[in-house]
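Scrolling down, you'll hit the structures one after another.
Each of the next two complexes has chain A plus one more chain, namely chain B in the first and chain C in the second.
Up next, the complex of A and B:
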């Protein structure tokens, strides 16, 4: 399938906003414990970067730059991280999900759990979007194939 | 009890969920490692729940566990808690044992399928959500767990997409099951708007004060009741179960019938006895018992006409759950004990039957009762296991079905005598009749699958491997053990569970702090905490004999001979058309074994009008089933608003 070149304005805008979306998303994840937002919202913001890639560079580029397998594994790893951090409370004589300071002053378990949620949502939503975009892609491909098949007859 | 044991409920739930996540990561590289993780996590969950047996069941403690240490402040429970009393643990034991057996069975049963990492991930998530549901002390978490349970169950129902109707069955389950989940959510929202809390114990404490003055609470009760009823596949929702079971893998059928329906039963018990404490009001009693009795009877007659092994078992499954709900509605200690006992037994024997059906399907590739036959010659060990299960579900002594059904008859009959109420006596007769029909139906299955002529195509069928028979033997042994020692079951399982239901203040105080219930004058409980006993009274026995005679008389009157010869001829053509219709009884059968499906043609003939109505009613269209669900919700709401 030949890649359709997108409009240059769309491409530049996508390139401009992509790092902004990613950085802002990460900001919301990492400051989830002290400011509005949190892991879920931040994760969705980071995941929206893939839509910008799709809009600016098309479906082929999305497939080239994201590995679905890796994202799927990351999602699972994030889930495992969340449970393990939550279980830390149990094995230090406190309750499951208990919020306590881990090492020194800066690291609370709730912050870590929040980050794990952000990581999970980011990978999960990106995976979902890739799946949805690939169905769009298939539809376009079919149409083009049909057109190609139809061409000689014309 | 040492303090670390407090963590066991959450560790049991989390071992299943963590197992699900690790399996999905590991099994993509090595299926053996994935299987090992799955086996480890179900064994750990079983171990944690069994370890709680002594403190909760024997010592009568109630374990309350606040996630993140967010304990109630100033009499308001804001955090999420797990509260494990004897009732929760009773259902927790049922769940973990069934999950353990189903997982063991899956290893060999599923090994020809692809996408196995997905199967085990979904399976463990389903198990974890069900365990979370029964151990939760927070109403909203109950809803979350119900949602996880429904969606994983739907995905697993459609797991073998190559089966005809797999996606259709799953879609029906999804659409109509969502109706139930929505009912639960609306009920929770209404409850929260009135009582401003989601904690089960606090709701139980605040309920008596506000109830009666509030119509909203009556509506909330209606929504929650029908929501949990959907999860138990009660009467207007039963076609879902049949369509889902027929296409699901056998290990998942075990989960749906043995575990998911029990969640509905648990929800209804928790709702009527602890949250709303209205089980002893005649309206609620009639409502619950009525729904149970109708499910019990309609489903057993539907099972009578099935030509698919697992569809037939599915209808029996709802029929047996109907028994449980029937006696739960009686609001007596004996009834509740009988219901819990039968719920446990149902998981055991119906699990066994589904696994044998799976074994037959695994070896022959067919579930069609009209094509199978004579398998006892090729699969004698599976046949023996099936016979144990069939004898249990039909209520033959000394298997467990007899012990619990005996208690059910006693409970319904006592309720009838105690309240001088003909309704409960009718229910008792209905229960007896259902048991007879169950036996008849299983004679049919035994005859058409395991005995009779062996078709040529199945002459090379082999016995299933030991790895599949072992889980079945576990269940078979449990069938015999719980049937032979009903007094031990009563002492160690039923009495603690029933006393936990009877003692609401203890449940409230365990979560909210000592004295909370006394301050709000929470009543002692709906039922008296009598020791559950299997009483034997000659007068009751005589009256039971009388009621059996009545049942026989009813059948005899219905089948009275009036120009029978003429009807017989007209019936043959009529039955042919009804019998071979897909959603009523299965696919069109070309070869029909003598004595198999038509073993009870005389009975079917006499009931043909009833079967014709049922045939039209089970249209197989999801719109119709949704409509029945909506009608049921409307009916329950009407009853609740006008009478509660």
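Up next, the complex of A and C:
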């Protein structure tokens, strides 16, 4: 039973680095138009923050914190967003996927396409990781739940 | 059966004829960019002063008219999301297909754990 209980240091380190990982991933997504990186890479960085939740608090906490159905449907929503934003240029006489400048020179619609791809990859990889962690933790599900209830330090 | 085979042979013949015509037609058109006249050493040593006015094909359009065509600051970004936007769209669909497939495989053990949890709770 001692091995099942997570160490305080591991839990605190996971809590400390979780926001840093998430913010760094969002930075890579939102600066994809001017710097290396972009939607795919930043989305995977944000999604890998869920592994810190698993390391610190176990798979039972992961299942309770994130909704799989919402993530899977938001994947589809992001794909529809990509197509709609790419279609914006068609209404102004440009090609599909080409830039339609919204506010002067400030905002191009490709940046929004980049954000949609980042959202899509983030939701998809998070959904995949939740599925994998739930199969990894199949045998120990009962013990995990007991540990959460009887843990005084949380 | 024989009618089906005749229709199949006819359609294959039409496709072969169209392919031969396209191949003959394309052989007469001018060649696209193949990097023939590129001075690689000069481009590597001094990329800012390299003369790219005589480049041909899609490479010249992407390098010279990027800002006019797409209003994007970064050429790599404009290639990924404007010139090859269909490619990015296809990649996203591939990701959806991959995750849907792994969901089908991994969903069964998850239901078993839910049932076992209910039994343990009851």
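The working rule: the second predicted complex is superposed on the first by the 132 of 154 C-alpha atoms of A that agree within 3 Å, B and C clash if a C-alpha of one lies under 4 Å from a C-alpha of the other, contacts with A are read in each partner's own complex, and residues count from 1 in each chain.
Definition applied: a contact is a pair of C-beta atoms (placed from the backbone, for glycine too) under 8 Å apart; a residue touches a chain by one contact, two chains touch by 3 or more.
Every value quoted in this text rests on a predicted model; they were computed, and no experiment measured them.
Once chain A of one complex is fitted onto chain A of the other, the partner contacts of A:127 are limited to chain C, with no touch recorded for chain B.
Once chain A of one complex is fitted onto chain A of the other, the partner contacts of A:87 are limited to chain B, with no touch recorded for chain C. In the superposition on chain A, contact is made by A:79 with both chain B and chain C. Touch criterion met: A:98 reaches chain B and chain C at once. By the document's definition of touching, neither partner reaches A:41: not chain B, not chain C. Counting the residues of chain A that each partner touches, chain B and chain C differ, and the larger count belongs to C.
Residues 76, 79, 83, 86, 96-99 of chain A lie in contact with chain B in one complex and with chain C in the other. Per the touch definition, chain A reaches chain C in the complex via residues 32-34, 38, 40, 72, 75-76, 78-79, 82-83, 86, 96-99, 101, 105, 108, 110, 113-114, 117, 120-121, 124, 127-128, 131-132, 134-135, 138, 141-142, 145.
Chain contact summary for the complex, chain B toward chain A: residues 7, 10-11, 14, 17-18, 21-22, 24-25, 65-69. Residues of chain A touching chain B in their complex: 73, 76-77, 79-80, 83-84, 86-87, 89-90, 94-99. Interface of chain C with chain A (complex): residues 69-74, 77-78, 80-82, 85-86, 88-89, 91-93, 95-96, 99, 102-103, 106-107, 109-110, 112-113, 116-117, 120.
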